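Naming follows writing order (A, B and C), and every chain is counted from residue 1.
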Amino acid sequence: MSIPTLFAIIAISFFMIRVAPGGPFDANRKATPEVMANLNKAYHLDEPLPEQFGRYLWGVLHLDFGPSFKYRDYTVSELIFRGFPISLEIGLWAMLISSTVGIFLGTFAALKQNSAWDYTVMTIGMTGIAIPTFVTAPIYQLIFGLALGWLPVAGWDGGWQHKVLPILALSIPNIAAISRLTRGSMIESLRSNHVRTARAKGLGVRLTVTRHALLGGLLPTLAYLGPATAGIVTGSVVIERAFAIPGIGRYFVEAASNRDYTLVMGTVIFYGVLIIIANLIVDLLYSLVDPKVRYE
Amino acid sequence: MSEAAFELIHGSDHGATVAGRSKLKDGFGRMRRNKMAMVGLVVLAIIVLACALGPFVLPFDPNASDFDSISIPPAFEGGHLFGTDDLGRDLLARVLEGGRTSLLIGVLATVVAITIGISYGSIAGFFGGAVDTVMMRIVDVLYSLPFLFFVIMLTMVLGRGIESILIAIGALLWLTIAVIVRGQTLSLKHKEFIEAARAGGMKPFAIVRQHIIPNTIGPVIVYASLLVPEVILGESFLSYLGLGVQEPQSSWGTLIDGGAQAMDTAPWQLIVPGLFLAATLFSLNFIADGLRDAFDPKDR
Amino acid sequence: MASTKLAERPAAGVRPSGTILEIKDLTVEFRTDSGKVAAVNGVSFDLKAGEIVGIVGESGSGKSQILMSLMGLLAKNGSASGSVKLRGQEILGMKDDELDKLRGASMSMIFQDPMTSLNPFLRVSTQLTEVLVKHRGMGKGEAMKRSIEMLDAVSIPDAAKRIRLYPHEFSGGMRQRVMISMALLCQPSILFADEPTTALDVTVQAQILDLMKDLAADLGTSVVLVTHDLGVVASLCDRVIVLYGGRIMESGPAETLFADPKHPYTRGLLASTPRLDEQTHGELHTIPGQPPAVATAALGCPFEPRCEFREARCKTVRPIIQDNGERTVACHVVSL
């Protein structure tokens, strides 16, 4: 499934950009001769379309997305791999924090269903989902950067101070989504027959929850981690702009507004690969937990 | 059209069959008891009304600069309730103007998405077999990438502006609806009345149009209520990145972007449009939750 | 059957016999949107050592809720009142952590649906051994050995190998065998069985019931069996309790009660059950009307609206329970 998906993403990007007005492949485009020469070299624009696509595909398989349309001295791959470590660091932290905190809060709310704790967690969850990152990020900057002066407002020097607010802003909506999801599925799991059996066996609350309720209750959450990765990727685009972080997201936005077509294509495909890999990992984890899937 | 859908569109005072009516009454009863949904409905109504009427009532032109009143904080004196921006434009007027854009795109793109989704899903479900497999495989592929990246690429192709955002979002957000409608169609297509229509010599597309689609509208409307906030969020996201609505037009996204840049000197420029956007998304989410709880008891 | 090996402790014959469970005036109520609703109303009975008691009733008669309340497994909006004594110890209103010392050890339960009652994510071995680890403090190896013995005892072939499988790799009947072995691991005084065969194929039902009966006898375990199937009760139980609308209509030894039913409801119930050993004459009897959705309010006899022998007082005066030491019946019209 992931191979045809990847192929489709590459094909869609390639042909979409081909028809874009003023795109790199637009015959009426007025580009400098050197760019033109580079493009001709990279894509063999004089060749028939299928061959050009084949060539691009072949390049992508070797992580060669061609030269950047705007930054003439760089290839798209160079730009991507310059930004990627930074984006990855923030993304992984956000993923780790949002899944652990989200699962904890969701389970907690499910165990205290309809209590004040439950309502508090759920209200925070609703708030976290409804207020988009591009509103919260500047507000965090306003509070922790400008008003309190605890952390730098924006920028990046690799120090932890510059990472706290971006990771926080990126994590909160996912914490909210994961805790809501976990709460729902945990409540269902706690009501399930096999949890009733565990209680009838006198296993006690702790063992019943950890061994019998949690496993089933966390499966939907586990499945959600695939889409959550996509959410983190999307969110990182906003975060990197808001906090002026030189990650892939910022290259992508700049490329989109500069009409740097090759860079846009390259980043979209790269993001696609990332998300596909995340989904594969989730599938693998899922099959480890659910014996029914494993034996199929 | 099913009773539920009919009444959702035309209001509950229209005639419907007795059975449909009581089911609907149950649904609306549940909806009315859902406090959060009702609060959401009221807040949304206020925002929509304000955006619709505001520009006619307010004494300020959202695009008229007034260099005597640049970056005034919110205050009663002078009439700039929510303050002004760097060019002395009244923020309330601008937020309401931007709200028109955001809400309009939210509704229109949802309509586009529903239209595509229903057609696609019902055709895939009704014809089944290889057609279904191929069509659903396409959906899987499109699902695998965050739709906003495709939207950004599409807007590069179509050129910037409200129309292309509308088309791009609408053209990509139909996936879930297609899946829902396909599922409904699969369960419907072996029902007796479809068999009867087929036996009566009705053409496949006519059956889809007259019998299948009307019966899938209920769940579609519930899901559409979830789509509207997603569209509004998507549009704001693009506009915030500078890839969506372009000057001189404004939307909540562009206003938030401008506000974020001016936040150290005039934080209200960020907070006011942010609050409007958040309140709208909140209300729509609560309404959607309420609708789902009220009309889709399976999910409770 | 490896019956002698199975019992760790002396079985029923040697154990001091007598009353194991004393239930007095048990009432189970649920809070709902429309106020408190009683599902079980003033139920009293005793359970003796080694005895198998059947509780019969239609769905909604409250029969399952009796077991749930005894095990402390009522839904969150439910509460039980009255008195339940297990070997003289009051267990109603006991704290969960105290109850957990009894559940699975002194009293255990098997449920209606074996397909969902086992944890689908854990191997059967884990689900069996954890009971012994928890209640008997056994080590993994010892618990494993004993669990395999137990699976052997419920006639699961190749138990030493099968114990490593997951529940979905067993058939429905096999899963219920696993459930039974799990419930009996600690040789409990009482086994509660809530419609244990309803979800199974008819051909498997008898096997499971026989197995339960034999094992209970070997281990000296008393059984409370809840069912709507009179045939099951007749073939298995020593004593029968007939429940209607959350109240006991009639009770007594299975043989005499089926031979000579007193209460109009019991008679109706028996008349509406097809029997293979008798020539049927015409149509099966049906009891007109519907059973009450929930236990009816305080006044009168709950069966009154459907009773063909009803009198004026049946609606307003609750019948006293006639008790001759062997049988009871709650009815104005008939007498023991």
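Here is the rule we go by: contacts are C-beta pairs under 8 Å (C-beta built on N, C-alpha and C of every residue); 3 or more make two chains touch, one makes a residue touch a chain.
Model, not experiment: these values are computed from the prediction.
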Contact graph of the chains (line, ring, star, complete, other): line
Greatest centre-to-centre gap (Cα means) from chain B is with chain C
For the pair chain B and chain C, the C-alpha centroid-to-centroid distance in angstrom is 54
Between the Cα centroids of chain A and chain B the separation in whole angstrom comes to 23
Residue set of chain A touching chain C in the complex reads 192-194, 196-205, 207, 211-212, 215-216, 289-292, 295
Seen from chain C, its contact residues with chain A in the complex are 71-73, 96-97, 99-105, 108-109, 111, 113, 116-122, 126, 130-131, 134-135, 166, 168-169, 179, 182
Per the touch rule above, chain A residues touching chain B in the complex are 1, 4-5, 8-9, 12-13, 16-17, 19-21, 23, 126-127, 129-132, 134-135, 137-139, 141-142, 146, 230-231, 233-234, 237-238, 241-242, 253, 256-257, 259, 261, 264, 268, 271-272, 275-276, 279
Within the complex, chain A is touched by chain B residues 137-138, 140-141, 144-146, 148-150, 152-154, 156-157, 159, 229, 233, 236-237, 240-243, 253, 256-257, 259-260, 263-264, 267, 270-271, 274, 277-278, 281-282, 285-286
